[in-house]
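Chain nomenclature is as follows: A, B, C and D, assigned in order of appearance, with residue numbering initiated at 1 for each chain independently.
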Amino acid sequence: MYLNQFLLLSAALFAIGVYGVLARRNGVLVLMSIELILNAVNINLVSFAAFQDSISGEVFALFVIAVAAAEVGVGLAMILLLYRNRRNIDLTEIDLMKG
Amino acid sequence: MMAELFIFAESASQSGLPLGITSGGAWLLRNAWLIPLLPALSFLGILFFGKRMPRKGSELGIAAVGIAFVLAVLTGLAWLDHRDNYHGEETHLAVVTVEHHGEISHDEHHDEHHDDSHDEHAASGHSESGHHAAHSSLAVSNTVTWFQTNGVDISVGVLVDGLSVMMLFVVTLVSLLVHIYSTDYVGGDRRYTHYFAFLSLFSASMLTLVISENTLQLLVAWELVGVCSFALIGHWWEEKPNSDAALKAFLTNRVGDMGLLVGVTILFFAVGSVLPDTFGSFSIAATNTVANNGLLSHTALLVAATCLMAAVMSKSGQFFLHTWLPDAMAGPTPVSALIHAATMVVAGVFMIARLYGVFFEGLSIGGSSINLMALVGGITTLVGASLAFVQRDIKKVLAYSTISQLGYMVLALGVGAWTAAVFHLFTHAFFKACLFLGSGSVAHAVHSFDMKSDMGGMRKAMPHTYRTFIIGSIALAGLPPLAGFWSKDEILAGTGGWGLFGGTGGNGSYTLMLVMGMITAALTAAYMTRCVYLTFFGEFRGHGDVHESGPRIVVPLWILAGLAIVAGLFNLPKGFQLVPDSFQERFGHYVEPVAGYFPTISHATPSWSLAIISTLVVIGGASAAWWYYFVKVEAASKASGKSLTELPNGPTTTYPLAKIIHNILDKKYYLDHLYTGIIAGGTKGPLARMAYRFNQQVIDGTVDRVGETAVKSGQFVYDKIDQLVVDGAVNTSGRLSSEAGGELRKIQSGKVQSYAAILFAAATVLAGILIVIV
Amino acid sequence: MTTQLLTLAFERPAIDWHAVAPELTLLAVGCLITLIDIIFLEKARPYTATLAGLGVLATAIPIITLAMDGVDRVLFDGAYVVDDFALFTKAIFLISGYVVILLSTNYVAEGDYWENEYYGLLLASLMGMVMMSSSRDLISIFVALELLSIPAYLMVAWRKRDARSNEAGLKYYLMGVFASAVMLYGMSLLFGVSGSTQLSEISSFLTNGSVSSVSAITLAIVFVVAGFAFKVSAAPFHTWAPDVYEGAPTPVTAFLSVASKAAGFVALLQLIYVGFHNQSAVYEPLIWILAAASMTFGNLVALKQTNIVRMMAYSGVAQTGFILAPLAVAGHAGLEDQALSAILTYLAIYAAMNLGAFAVIITLSRKTGSAEIESFNGAFRYAPAMTVSMAFFLFSLAGIPPLGGWFAKFEVFSVLASSDDVWGYALAVIAAINSVIALYYYASVARRMWADEAPENDLTPVSTTSSLVSALAICAIVTLAFGVVPQIVGRFADVTLLTLGG
Amino acid sequence: MENFINDWGLTVTTFLPMVGVAVMLLIPKAQEELHKKTALATSLLVAVMGILILTQFDFDATGQLQFAVDHIWIDVINSHYAMGLDGMSLPLVLLTMLVVPLCIIYSWNHFPEPQNPKAFLILILVLETGMIGTFMAQDLVLFFVFFEVVLLPMFFMIAVWGGDDRRYASLKFFLYTLFGSALMLVSFLALYFLSGSESFVLSDLIAAVSSNGVSRTAGLWIFAGMFLGFGIKVPMFPFHTWLPDAHTQAPTVGSVILAAVLLKLGTYGFIRIAIPVLPEAAVEWAPWIGLLAVIGIIYGALGCLAQTDMKRLIAFSSVAHMGFVMLGISTLTDFGINAAIMGMVAHGLITGMLFFIAGSVKERYHTLDINRLGGLLIQAPRMGWIFGLCVMASLGLPGLAGFWGEFPAILSAYNPGNGLPVTTFRVFMVISALGTVLAAGYLLWLLQRAAFGTPKDEFAEDPSITDVTKHEWISWAPFLALIVAIGIYPNLIFRVTDGAVDASLDDCLQVNASELTAEQAEALGCASIYNLHEDHEDHAAGE
């Protein structure tokens, strides 16, 4: 198996994730697509670490996973707050401030 | 002895062109600057303490001018003594010219003592005959540093020679008489003190102008005199026409001053490039000397002379810049007498006389071709005389006559008759001042200047004024034996006109000038007769009782009238047998400098035949007018019972159209008119009126329109260019940036996903560009 | 290949405790505050603010001692470096953190939300920044970035029941996470290409190693720089800033506009100077575009703003453009150090000016109640001292001597002027024009406060608290000092990153 | 005392007003009298220091920098705190020290509209520091800092105490001058870097430029930057639109200081920095500066003819006057620059007086619309005559200061420095002579409409129109005395400036081109100037 296959997989995941963030209206789904992007990054890191047999790639991936968890926690809290105030979490409607 | 940088005391080692100017001389000559200082101090005194003085400042003014007059006379005598028995101990100021401009030839000079006897009579003083450049001292010059720049000292000082002594005498005398006259004439005025303050300031600046040693000082005094005339013309500035007249006078003078400014600059640097170790010099003596000896390039002199001529034309009311002078009559009459007859207007003539070297070389007066100066003088005499005809206002008549006489002087200077011009200036000052003051006293009595409606038949009521006015007019007309005849005859002889009249000699034969001079002489006689008739003869048309003016008016009138009679004797022509040799041509002998700083001009030999012809022409002009007024109008007014001023159905009303075309061809018309005029007499009126209207609409109009166009263009420039273009550019750039701000704000749509889209798009686009570039 | 990983025996890396002292003290104070908050709840309310302030000042002590002995300390074989650069930037973070604490004591106390957690979050974020300035390794940079960003998300959404703060929080969170994800992708590629996460190794690998695909590196660099461009709100990535600044509570906005922006710049400097040291062909045009865009964009949009905080946001974007400018020519020979010191000086002076301006805005909005510029009209009549100091800060931001800003702009201009190439001069001209446009909105605000009538001219004086006044005093003195005697900051900022990196 | 003045004199004089400001900050706003007294005391103290400096000033060596002080200020960019005074800056510094106390006295009991004497007087004192500092600074960065310090107080003076359209005027004034100074800063930097001088001090820069020189194009660009920076401040023709607005909207005292001193910063910059440092570029730029100056003269005059507001007319007239000053400078000769400095001092005094009178008229008539004014000489005769005197001085009547500013400038234009096109400068001379006529036109028209004639009926029996008050007399008397004194004896100024101008002008510009042979020119290092313009060799030898 060649490195490129892994890179292509991660690039694909990355693209899907970005699409998810830009297109989805529901807050939670946007959070899920961000997770998708982060996992793409992890795949990238791990594959590079394996092929160049340097350990720091994996360490980096571990950190990314940990931080991603923290981020999701805060993100969900935010969305919960939004739901409590607005009764819906449609991102396109939160445009009180503009210009 | 204070030596200037470029003119240094001539010592044996460096020889140079002898200027004939010594520094030092009698105490009075060295301290001639006291004369202008006195009126200046009195100006300040009156300004600050005038209100609190018993006679509200007038006594201080009269005292100052009186002392100045006495000093002027003493300086004159001291100068005559200095001129005649010069002992050669003062140091001669000689200009040294830069060697590499080729060797300057100057013949050997030796000191020559005059062994003449000193005659107690002021005017006489026999000196050696002939004019070879004896090493005699002509002028006394003392200077002190005024300011330094570029390492060179620019100095201010005093130059006392024949011309300045004569001018000092004239200015102080006329100013004194006018001061005395004004105490009565301006008696009740509410700004009596201010009037006397500015009168003293005027005298001070005129006296400074007269004795100024360099062109910069001349320019300073020239403009100061202009300001004083502005203040005095606008004395009653409550009424708009008075302040308009003052403004117009000052602005026209200012136009002329522009020429003076440019001329002085050109001369300053031209002389500077010739003299060693200085980049410029204002000194009149040096400029004249360098010009006489052909060291300056002809083009520079020509340009400078033309520019200075512009200044003369504006200040001395020559042809197309004369429009301010008649309007200047809006000022009080003593002011007109002093400023617009005797002193200020002759400043232009004085400047030509002072810088004669420059004009002589620049306009090549020597050659017989008609130069600019002669032409301008000639035209002005004719225009002045013809316009004087049609005036209703007695002062306007005298104003136009002054323009005409000034034209005479400029004409004389243009043809090279220097002494004749200066002598005419000398005599004209007296009789013109006498006429003006006379007209003032008449107007004072009648409270109006309008001859046609308010005067007539005043000879019985005001005998003194009448007699002095008659003497003045005869002198002005130029009938012998009064002053006018001698000076005018000298000028006509000076023109060196037709051979057959014997007036040969001069600097080339200027026939056209002689003809113009003759015509003007006739016209002058004619309009003065008209003026005398309308004022003093026929029935009194005014209202109220008329009584003779007080002594303070009549005494100056008589003094001036006396001078008008006596003045002529100063310069009797050369071959005049009736008088011993020593009395001939005293004026010319003393006033005309014979020195390095004066060009060598040839003198015309006066001839009897020319004198007789000119007298006949004058009598002809006078009789034509006399016949028209004293006979026909007198008869018509007796027939109609009321006092007429001109024939009711005279020729003027019959052919209006002809007159308009005619006017454009007036040159020739004048000549034809001269012949028919003598015969027909009455037709002169319409032409003058046409000329007057032409003058008002065309020349005067152009001056006013120039003013208006300047204002309109100012409006245009300000509204269009300044507000629209320059300011607009600034404002639009301001508006553009804020509108751009407005547009860019719209990108901020408020939706977080559009933000994320922008972020990602930017990142990818930038990456794409850089991948392509790197 | 997997076995080789397991055999590594784990031995504890030698830790130089003095070098890490500042981070540790901050950690200790943070934990202390959270503990006190949990245990004493209501009773601890008045003490947490002062305790947080004292804590921050306490961390300043180890920094001073580290600076005293002047030795550069390297830990974890190059991943964590404490040198002059790091100390100077840590000092900036701590001082601005302290001023933010002063600003927020009354704001938070009077607000109706629970108070103590605010200071815990603040200290955590400070901790992240302090770590950022010493980290020379991709992983530590990423961790430091997330440590300072996540508490910031929460602080922005601090006013739970206010829709605006809520919206700002969410926007900041989503954009922040998305940007760091993009940055991570870049970092992973960078790691992939060079095989190590140490910046120094990456740069040595990039210079002499046989590089397989140049385009991959460029993509990596752009994505990484984009991530940090978001953090410093450079032009195309700045869209979050106005909404977040307006929505967040004003002390948090101050914190974001100064501290987190500075942290972003510190990371950017480390990456470029240490990481892509000789990739100037890539990052110079990129930074040039970012700088020019943010200057022009920021200034133009700021012209039309009616809300003072949004205006300060756009002015922040413009100032970022100015700070980036020297970086755009940093690649030229001999200019690296001068550009670096120019950026650091600008950051220090910008911190003082901006915090001062926000201090005045906070004090005045206690009376006017709204951040609209109209409401500030005629402030001169009822609060002369406030207006004079606001004019002070605004004109310093505009760059008028003798106030601090002129020296900052002067340094930037001198770097650009001596860059001696067309791009440098072009940027200088753009900067000159922009400083004039910037002056327009700064001066019009100052003029409004001086000249116009106060709204229905109620001239009741403003109730100022001691902490606000002291914050204002610190900022004013520092701005004037930088203006009149600029060599103070000049000498400190004269550090270099090259010795370690290159 | 002697060495105190020598090494501390300048610093004390410059920063004394700041001490005054500090004292006034402590005094509460209510005690207005105390504020006025402290402000006046400070400014008088500065004037006393000025007189002390004048007495110590060595008049034979006006060329060298006296009381020189040079300490390191910002070592990072090695700029020094270098101050010095020579013949060129002495008259301008003394003018500043004269104007400020008189302005304070003038506004003693009638401060402009929003009554706040404390802030107003503090701004005036800050202005004084800025102005004195600029004239004494010998280091480019220090010059730039003081040049900008002057900007802020003026902006606030116009913005807060100005007329009804002050918003637009103050912003425009601020942006214009700031744009100019930004460009000036860039050119200072470029000059410093390209010439490789080791510090920003003027003498080092001149030495560096003359030793290793700056390339011709670079020199031109740098001079262009400086020209824009200073030109906007002068103001020269295309950049003058801020002046009329700033003047009409500024309070009386503000426009007096603006006219009397602030306009001189630009021209002073030219003769102190631009010309001595870059003589070659100056020679190339001089004809263009001359052209703009002449256009300025005519444009200013035409602008005046179109005005209805008295203050705006006086503002436009100062555009024309500064045109003469710039014409003097553009000739690059000793005579020309002497005339320029004299022109600056004279314009400062005369236009300052005109604005004082305009201010007093505005107070009495509450309008400056010329059509509504009239008969000033009847209602306030003394003020009318003073107005007349100032009008006469302003149109350049000899015997008053104005003449010595204009006439030598016109005179020197006839004979410009080496390497300048002689014929073009002579055309400039004629046009500027025409300018004097236009000047007489619009000024006398103003005098006629405002002073002569009878007062309009709306003011005819208005009791509030009083003649000159005590405060006005005290503040105006020195101005009037100086205008007349300098008019009669101009050596007061020329004597001081002649040596300094001689020293500042690069010697290639001075020596007469025609006398120099080619290798002498080489030796003097003026080859660049002469071969720049060998076609202008026919240097007016008697032509």
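Assorted remarks:
Here, a residue touches a chain if its C-beta (ideal position, glycine included) is under 8 Å from a C-beta of that chain, and two chains touch if they have at least 3 such contacts.
Since the structure is predicted, the reported quantities are computational estimates derived from the model, not experimental observations.
At the centre of the protein atoms shown, by the Cα-centroid criterion, sits D. Chain B and chain D, compared by their mean Cα positions, are separated by 39 Å. In terms of their C-alpha centroids, the spacing between chain B and chain C amounts to 81 Å. If you average the Cα atoms of chain A and of chain B, the two centres end up 100 Å apart.
Centres computed as Cα averages put chain A at a distance of 26 Å from chain C. Shown for chain B are the residues that touch two or more other chains, namely 745, 748, 750, 752, 756, 760.
Within chain D, no positions touching two or more other chains are listed. Each of the following residues of chain C touches two or more other chains: 170-171, 174, 178, 182, 242-243, 440. Screening every pair of chains for touch gives A-B, A-C, B-C, B-D, C-D. Against chain C, in their complex, chain A makes its touches with residues 7, 10, 14, 17, 21, 27, 30, 34, 37-38, 40-41, 44-45, 47-50, 52-60, 63-64, 67, 70-71, 74-75, 78-79, 81-82, 85-86, 91, 94, 96-98. Those residues of chain B lying in contact with chain D across their complex are 145-151, 219-220, 223-224, 227, 230, 234, 237-238, 240, 243-244, 247, 250-251, 254-255, 257-258, 261-262, 265-266, 268-270, 273-274, 279-280, 295-297, 299-300, 707, 710-711, 713-719, 721-722, 726-727, 730.
Looking at the complex, you find that chain C touches chain B at residues 170-171, 174-175, 178-179, 182, 214-215, 218-219, 221-223, 226, 230, 236-237, 239-240, 242-243, 281-282, 285-286, 289, 297, 300-304, 437, 440.
Contact residues on chain B toward chain A in their complex (touch as defined above): 745-746, 748-753, 756-757, 760.
Taken in their complex, chain B has these residues touching chain C: 734, 737-738, 740-742, 744-745, 747-748, 750, 752, 754-756, 758-760, 762-763, 766-767, 769-771, 773-774.
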